[in-house]
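Below is one structure, written out as structure tokens, with a few remarks after it.
Chain lettering (A, B, C and D) follows the sequence in which the chains are written, and residue indices restart at 1 in each chain.
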Amino acid sequence: MSHSERRLVILGVAASDSHAVANHLIAHALRGLGFEVENLGTCTPVEEFAQACEQYPDAEAVIIGSLNGHVHEDLRDLPAAREAGRITCPVIVGGNLSVGSKKDPRDLERLKALGVDRILQDPAQLLPALDELRASRTADRQRLPVAS
Amino acid sequence: MSHSERRLVILGVAASDSHAVANHLIAHALRGLGFEVENLGTCTPVEEFAQACEQYPDAEAVIIGSLNGHVHEDLRDLPAAREAGRITCPVIVGGNLSVGSKKDPRDLERLKALGVDRILQDPAQLLPALDELRASRTADRQRLPVAS
Amino acid sequence: MTKISYLPGHSGSPGTDALPPLAESVDYIASLGKPTAARVLMDARDAGRVAIQPRCGVGGHEEMKALLRELENQAAPDILTLTIDSHTRLKRFEQALRSLNRAPADLNGYPLVSHGYLRGREVNESVTAPLEIRHGSPDARILFDVAVASGITSFEGGGISYNLPYSKAVPLAESLAAWNAVDAVCGELAGLGLIVDRELFGTLTAVLVPPSISLAISVLEAVLAARAGVRCISVSYPQSGHLVQDVAALRAIPVLARTYLPPEVDVHAVLHEFMGVFPKKRGNAEDLIFYGALVARLGGASKLITKTYQEAFGIPDTRANVEGLRLADRANSPLLDFVKADEERVADELSWIVDEVADIVEPVLAAPDTMTAVVDAFAAGRLDIPFSASRYAKSEIIPKRDAEGAIRYLSTGSLPFGDRTRRHNSDLLKGADSTGGPVIGSLLTGLTDDINYFPALFREIRKETQEEDAE
Amino acid sequence: MTKISYLPGHSGSPGTDALPPLAESVDYIASLGKPTAARVLMDARDAGRVAIQPRCGVGGHEEMKALLRELENQAAPDILTLTIDSHTRLKRFEQALRSLNRAPADLNGYPLVSHGYLRGREVNESVTAPLEIRHGSPDARILFDVAVASGITSFEGGGISYNLPYSKAVPLAESLAAWNAVDAVCGELAGLGLIVDRELFGTLTAVLVPPSISLAISVLEAVLAARAGVRCISVSYPQSGHLVQDVAALRAIPVLARTYLPPEVDVHAVLHEFMGVFPKKRGNAEDLIFYGALVARLGGASKLITKTYQEAFGIPDTRANVEGLRLADRANSPLLDFVKADEERVADELSWIVDEVADIVEPVLAAPDTMTAVVDAFAAGRLDIPFSASRYAKSEIIPKRDAEGAIRYLSTGSLPFGDRTRRHNSDLLKGADSTGGPVIGSLLTGLTDDINYFPALFREIRKETQEEDAE
């Protein structure tokens, strides 16, 4: 990071999912890049992500891993949490996002429909994605007063 | 054999077929049972079987093995040889009687249509089949004068 | 398929009230005319072959029956599996039921509790092989009751091994108590003449689990199970990928059983084919599948749980599962009698493994109450596993592959190891890859390489610690 | 598909007149942008892996292309095959053409001569692997010319090995001369820069062929081929089923090459997976397929010709062929480096094999004209093969499996073996099964058991010599 500002992300694995390894490694890697990582670990329901957002209002993203194929059911409460204004920052999802070894792109559409902002394959895409999301939010904020 | 009469068969493998092992073993086995075996060996065209029939008019059967799947083309001249009266004794065929590992019963019908009298799987069926064929021919011969 | 609007037991919520009494289920099982899993394992061991078993589970009921029938017809595994979905594992029955009704294909397993025991019996009756429930439930009591009522004679799990890898916030005391209840019912069933095979999940978090950790935890669970009345215990061990280490670990299982378990308990060694990151290319995955099966044979395992060439991608389709089973079964070939492990090295490795296990379990077993001692030891890090999903293990130990690929301890954390064991481990790691870079960075890249051991071995990916390729 | 009403060459009868000049074919091959078979073999040997190749051939042209493409897409063999139908092998071109036009599925191979070289090129261009022609033609001159014009860089056969097992009444002098002509063209092609791999058919009659017979005949054919100008020779050997014997026989190939062949000839060892009576049950057949592949690896073969689980039933379908290739390729796994043969026993067996081969070939090679000496030796039984299809070998030698399953000589017929060899063979057979019955009867049942060795080993059938089963 080329700036000294604090950058915090909320990290976790979806509610029914106990796959821990990628979560451990991603937390390590983001910390290595200078992020503060609030890692909620495995088996984290949307409710717990929402609570963390309330606790860390300056979190720049919620990053959710899901490996076991249950991401759709596990994020079922995400639209409600968003509507209620409990999760306002972008939500990034990555991992193995459907059941089965042949993947249907419609399953990613279903995720978008639940209010997921970014779907990533590779943890290496996280930093550029976070930078981009932050840049566009900053731009939005700067543009808004001009427009209003 | 319970009788002392000479029993002779003509044995061979079809024209395009060089599989020798079953032929060797069947010749041995029939000789062990007391048969005289005129073994023409592998790669024997219908013409050669016909010549042997002419040479051994008391042969009680022509026994043809085919393993390589080419039995239909290889016996193509059989109807002509029969019509010409060159092969008058029963023709027995055995082995692997079509190309491919899944067998279609129609391929056996095609063989029958070529004038094959018996189709056998197992060389152990040869003795009962030969006995039966001989019995029915003797019966036929005995019946004929009565009928005429 | 008719929608399910109830759960077994009292209306609206899951439970066991509607289940038949144990004795009825025991009679039902006898009437099935199929061997129990325990019997199949015994027969396999007597015949000197490794029984073969797939992982398999889909949400829908008809689909589940079709899957099992197809696997049986095409690959004739010795034991079949009902893999349970991960909502049910965590007692999220409501979510399981909702997925089942809306989109059963979205489930990563068969929600047996939601389907209920009558359907469980139907599934059981659709095949001739006995079934095992494979899951990952910190508290499996409801699932177990439905399984027994379904006539299923093998049940995987344990109070440690189905907690720490499978949940975040279930206290160990709770899961141990829940599994003690399951084991006690197995004891009751044994009294009624039915031996339930209880497989322990020595695989744990599957990634870089040192053999002595896997076996130590299985020993503790086995001791608890035996005390509760269990009579047939399958100790499963996850293939590390290093032949000598794996053969030694499997052969250590009967040795440990003789030391720590009463003689009336029948103990089987079970190999779980490589449970970590699988290679992606089909041929490489298949190499690994066959290798695992060969290791099971050489290690004298009674049973092998297979993988498929689709492992890296997702839950396999039926055909891949069939092919995985068939390929693994080739290692049972009588033509491979000539294949041997290096017996001297196996014996050496085995003695170290047994010593490490002793170091870990004996202080716990020396305490007056084993369950409490287990809880305390995990809290203090004297028992530990790497990559815990749960808060209730410290994950302080750091595993590392040595130069040959065997899994060693880079750090033994707070494990009560003696100096001899510690020195042995660091000696073994002397030849291992390591960058000259900063310690933390190199630790992480080294770890990543070790996690990706097989994809790297097959050159599907580059090693992070080898910036310049030798080729 | 348009019917073919002509044969290449002059109208109505087969010939080569219409074929392009050799230099044009050499250019065509260079333009194909695929490696030659010789190059693939060399690369495999350098990489320490066994190249894999199926048998495959169907009558129809489109079907043949589809078959090859499917095999390549699904199993990526190193070399692909055009197996030629048995009419064409025997120059029964008329029958081949008639079947092709009426019922191409009735053909047990691809009638390349009837299709002509332009179609041959199309087939060649449809895949990226180089092709070999596998056939069984006592006189292959026409077929060879069409093959070269088709851009095919590997050609199986030899004046002895493609005569005696494949025809009844072709005199050896004729087939030797015909193959000498083929080999001379290979020499010419080498001069033009194209190395054609010439595989010799050491498999012979495939059933109970003693290794020293197979290798001796290959040595004689190789010597003749090298003299005619051939620069790349693949010596194929048929798996006997006994590991030590097979590994020794494969490793004997480079030893024999150094003794009998000029150094500029590149010699490869090739294993033909078990060529005798195959077990019927799929799993058993697959056990044998994998075992063969492992033997090829341990014997240091450059190439393996695979079988399929449908072998006992008929020409395999594409899927079975794919699965046979894939399974065999598992034996190339880097994970199996630990699998070893008993090196001491292999060395002992190897030295006996080399001695027996020397006993057989050296009198022939000592004569002034090798071809004449071969013809005379077969007439006198000093060269011989079991189960000859041809009148021109005596089939006086009687093979027998010893107690361990290795193929020995029960009778060495008129082979010019010394006392030492003869004694060694009878010593080895002392432990072998034999009934107490009359000599001839027991010889035949013993032979039948040996022929059915694998079906009996897998207990698909009972041994004839074991009336009472021990079980």
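Basically, a residue touches a chain if its C-beta (ideal position, glycine included) is under 8 Å from a C-beta of that chain, and two chains touch if they have at least 3 such contacts.
These figures come from a predicted structure and were not determined experimentally.
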Message = What's the distance between the Cα centroids of chain A and chain C, rounded to whole Å?
response = 31
Note = chain C and chain D have mean C-alpha positions lying a whole-number Å distance apart equal to 47
Note = When centres are defined as mean Cα positions, the distance from chain A to chain D in whole Å is 62
Ask   = Tell me, which residues of chain C touch at least two other chains?
value = none
Inquiry  = Please output the residue numbers of chain B that touch at least 2 other chains, ranges allowed.
reply    = none
Inquiry  = Once you draw an edge for every pair of touching chains, what topology comes out, line, ring, star, complete or other?
reply    = line
Note = Which chains touch? The pairs are A-C, B-D, C-D
Complex contacts: residues of chain A adjacent to chain C = 15-21, 24-25, 28-29, 32, 41-44, 68-70, 72-74, 76, 96, 98-103
Task = In the complex, go through chain D and note every residue touching chain B.
result = 85-87, 89-90, 92, 95, 98-99, 103, 105-108, 136, 165-169, 205, 207, 310, 313-317, 320, 387-391, 395, 440-441, 444, 447-448, 451
Ask   = For chain C, which residues count as touching chain D in their complex?
value = 243, 282-283, 286-288, 290-291, 294, 326-327, 329-330, 333-336, 338-342, 457-458
